[in-house]
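Just dropping this structure here.
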Amino acid sequence: MYKNLYSYPFLETAYQGKPYYKLEELYDYVTSEGYEKHVINHLDRNLYTSLNEHVRDNLIFLRETGLPSHKQEQFNFSNLNKLFNRDILNTNELAVSYLDRIEKFDYLVDPDVLNEIILCDSNVLASETLSKRRPYNLQILDISKINKNRHLEYVKLLDNTDNFSNLTYGLSRFPNVIVFPNGSKERFYKNPIKIKYANSSDEPILECNTTIIDVQYDTSVKIKESIQTRAGQMNYTTYIVRENSTLEIERNSNDFGGWSLFDSRFICHPGSTVKIKFKNTGSSYTQENFYFKISSDVNVELIGRNNIFKGNEYHQFVRVRSVDHDNRSIVDIKNVGDEHARTSFVGKYEINSTSIGFDGQMDNRNLMLSPTANMHTRPILDIYTKEIACTHGCTISNVDKDQLYYLQSKGFDKHSAKSLLIDSFLC
Amino acid sequence: MTIDNLQNNLYKEGFVTELESETFPAGLDETVVEKLSKIKNEPEWLLKFRLKAFKRWKEMSEPQWSELDYNPVDYQALSYHSAPKKFDKDEIPPEIFETFEKLGVPLHERDALLGLDTEKPKPDNLIPTVAVDAVFDSVSVATTFKAELEKHGIVFCSISEAVQEHPELVRKYLGSVVPYTDNYFATLNSAVFSDGTFCYIPKGVRCPMELNTYFRINARNTGQFERTLIIADEDSYVSYLEGCTAPAYDENTLHAAVVELVTHDNAEIKYSTVQNWYPGDENGIGGVYNFVTKRAKCEGKNSKVSWTQVETGSAVTWKYPSCILKGEGSIGEFYSVAVTKGKQQADTGTKMIHLGKNTKSTIISKGISFGDSTNTYRGSVKINPGASDASNFTKCDSLMLQDSRALTIPYITSLNDSAKVEHEASAGKISEEQMYYLATRGFDEDDAMNLVVNGFCKDVFQKLPLEFAAEANKLLSVTLEGAVG
Amino acid sequence: MLKLKNYSVENVLENIDIEFDTGKTYVIMGPNGVGKSTLIHSIMGRPDLEVSGDLTFMGSDISELPVDQRARLGMYVAFQAPTSIPGLSNFQMIKQALNLKGSELAEHLAKFRDTTEKFNLPKDWDKRNVNTDASGGEKKKNELIQLSLLNKKLAMLDEPDSGLDVDGVKSLVSFLNEWRTQHNTLIVVTHYDRLIYDLNPDAVIVLKKDGVDIGDTDLARRIFSNGFDNV
């Protein structure tokens, strides 16, 4: 996001008769006695304090990087009513639900698919087979199943990843946790788990899918993610990749009309590898962010191929923060912008003074197909030590006229030639 | 020898000149602005311009978005005017003359030969190649070859003089590229600007000499607010160089200059800067704050402006020499070498704004950092909807000689699909391979590093006028001494 | 000229004794990875190599000397993969190395251009950046041009033939024949039989995993017929 919204009020108090809520009011709610009582009763004081700080950071973060003004009308906080009226920390409402028991999510369920996890309306749904010892033995934990110590461990881990917070993370209940156990090299690689992010409502919701995916030691995991947003939706997933583990993600986002905010945070322990391939077509407003905190001997590959359809918006923030030696990172993102598409890319490499041997590349190439498109790119390097090799590059241009002519001279009509060139760009 | 004890020893320009001067008491309000205008005998319209700017400045606040960390400036503790006591321009006081001689700036016409070296033997019939306007604190103390240049119709004089002798020109162009509302420091400058250079090159004239302005700060606790205005009329050409130094005071000195360039059809201005303001000592005490607004408007078709800068001094540098590429086919170039060491901080770069069709911009930025310094490249390339077939190429490289902080922050936006924008950046150190290779050729560590760094800066140094390329090279090697390790 | 005694390079070579005499030509052979380049660079003083034993050059112990001083004493190494130095031109490097001024400068530039032509390199070679934007063969030729201009007593060439075509090798041989005299020493690391025979070395040194064999061109011939292991 390249707009700093600090200077104007985010969310007016009324728009077309529907109530909207200022962020300050939201803040008032979560710092109110009622909220405090809920949290402390169900969890504990320390957690309340850190949640509070999270919320405050969230609000600032969202205010600064939130939606552009013309999208405000779509960001409807009317769900705040739900918050005021109900106890979102009431753990009785939660349970890991089996696919065949939750009717309202019927439409999301494909009965033939057995290795799928559905994250919907901040619930986690998974088929029974996933938690069975063979072949998966996944631990799928929601707040009712997670013990206090484990809980605090996660809180500490998340806290340590430097000020990254998200509004809804603070507001919604503690994340659902999916744990891939130690030492499985093949199980989750040969049979990738599918994860679907969805929301059931026709209205954008405040409660997002907050998830922690914990890939334990010496494990290789492959996940296929799909994101379907009917109305507005916020997803916030923290991926913890522990020592010597590998996590590969293939993510596809499809535009079903709604807007989408997806923050993915990766905490990479020494010796881990994370490879992500993602595709997005944008939406009325999409913000897809990736944050990496990498310790030592970590290998990160983030490859995005986004063909942003007419009139869609796609904004991206990528931050790789290296805090120790011998990390490698490749960020390679290509965007295609059609008529009236708006895209922005802000990428940041933050390399601290102990990141000796860091080797990084960042590439953002943009294909601008129409004069009505609006494309912005900002690759940033912030480096504190000389023992590194870091490059970045970006381009913005249209389809190459010479290549177009070449294909046309071979018999392709203009449209097909252009399509061919767009496809080859996105390879 | 460590870098630290070289910091101060190296800044040989850090001496102070003792002489009688007229200095305003510290403080800034309307009366100071009025007094300033009166002392220069300025016309009503200019006083109004200053007052409007001052009023605006009071409503503004210092921008906070940079990565720079500096002690706040107490604007009321500075004096806004300091000049050597009244003297006749034909008879420069010996102290001033000696000062400039020490700095290598030729003030007497007979001394102007191949640039700034006044020690070489002088043949009698040598054609002068450099005209100098010397600015000492708030006033221009000498301008050489004015008459010679006038023969070509070229106006080269201090801006105070230009206000008296060519008011219509000044009035037309002052504030046309950097409006008084532009930013905090430009607004301040518009209110209290002291002296600077005014230059007008008439149609079809190619300026026969290098024009050079040399700024020397001397008085303590004064702010420096130069204002330079260069106008190149159709089909003209001028190459201009700006040099600067200051004494090594413990307090920070504020230098907030504004430079405006205008080029008409087919005109070209080459603007080079070798900035060597006092950088502060190894603990970051003292040093000049260099907050400058420099902008060129390529008004005419096929006009061209190139900014070349070598920044080695000042405690804090904050400047973005920019080009507004309005005329069809106009070209903007930015070549920069910025060296930071000790506690220096630099946040510099450029803005290339493409408005017209077929406009072209090239940016080559080389940052060298060591010590505890911060070296930031911040650049913006904006392709507006009307800029069809525009093209930009940017290359930013950061060379870290020691662990320091190097930042690259490019902002690139395109609103036109037929434009091409390309940006490349890299960061790293001198490779051990390169050092070893040069060692096998007999170069010791310092020499090897100098060669590699010079090679690193070559693309930029090549753009400097010949006379100054040598000086820049020398300045660079002096600045780098002891940086190995 | 050069004497190695009880000379070891950690993890690569152990306890070797070799003497290189003035006025002679030596060829070093050995299977890939055995440490030929490492040997050469260790003699040159490359910082990351752990060396022990005696190393004497022209009678004095050089084991403590940094690389640039060894170079100034008259030692030269032609790299197998020459390092690129952007922004530094080929001739500029020579100029700085020899601290050339005035008439010397002009002389050397002329000689540089001459040698460039002999090696069939582009006319503007003196202005090209060191080993940047040059093909493999061009870089190797560049190493030889430097040798011709810098005053050296000991030249160690690391696979100077790789990257050169037939004509290039011919130029290499004629260049080396001109260069070597009674007063200097030439050491060439190579796999190429023709080059070895054309150079007619005074000794052939074969580095093997378990030690060093020293012989003459017959030794080389046997290796070319039977391989390294069967000799």
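Think of it as A, B and C in the order they're written, each chain with its own count starting at 1.
Heads up, the rule we're going with is that a residue touches a chain if its C-beta (ideal position, glycine included) is under 8 Å from a C-beta of that chain, and two chains touch if they have at least 3 such contacts.
Everything numeric in this text was worked out from a predicted model, so none of it was measured.
Engineer: Determine the groups of chains connected by touching when subunit B is not counted.
Structural biologist: A | C
Engineer: Can you tell me which chain pair comes out on top for contact count?
Structural biologist: Ranked by contacting C-beta pairs, first place goes to A-B.
Engineer: Which one chain sits nearest the middle, judging by mean Cα positions?
Structural biologist: B
Engineer: For subunit C, which other chain has the most distant CA centre?
Structural biologist: With centres defined by C-alpha atoms, farthest from subunit C sits A.
Engineer: Between subunit A and subunit B, what's the gap in Å when you average each chain's C-alpha atoms?
Structural biologist: Each chain reduced to its C-alpha mean, subunit A and subunit B end up 45 Å apart.
Engineer: Approximately how many whole Å separate the CA-defined centres of subunit A and subunit C?
Structural biologist: About 56 Å separates the centre of subunit A from that of subunit C.
Engineer: In whole angstrom, what separates the CA-based centres of subunit B and subunit C?
Structural biologist: 48
Engineer: Given the complex with subunit A, which residues does subunit B contribute to the contact?
Structural biologist: It is residues 383, 385, 398, 400-429 of subunit B that touch subunit A.
Engineer: Quick one: in the complex, what on subunit A touches subunit B?
Structural biologist: 2, 353, 366, 368-371, 373-398
Engineer: What part of subunit B is in contact with subunit C in the complex they form?
Structural biologist: That would be residues 431-434, 436-445, 447-448, 451-452, 454-459 of subunit B.
Engineer: Write out the stretch or stretches of subunit C touching subunit B in their complex.
Structural biologist: 44-48, 66-69, 71-72, 75-77, 79, 82-83, 85-88, 93, 96-97, 129-130, 146, 150
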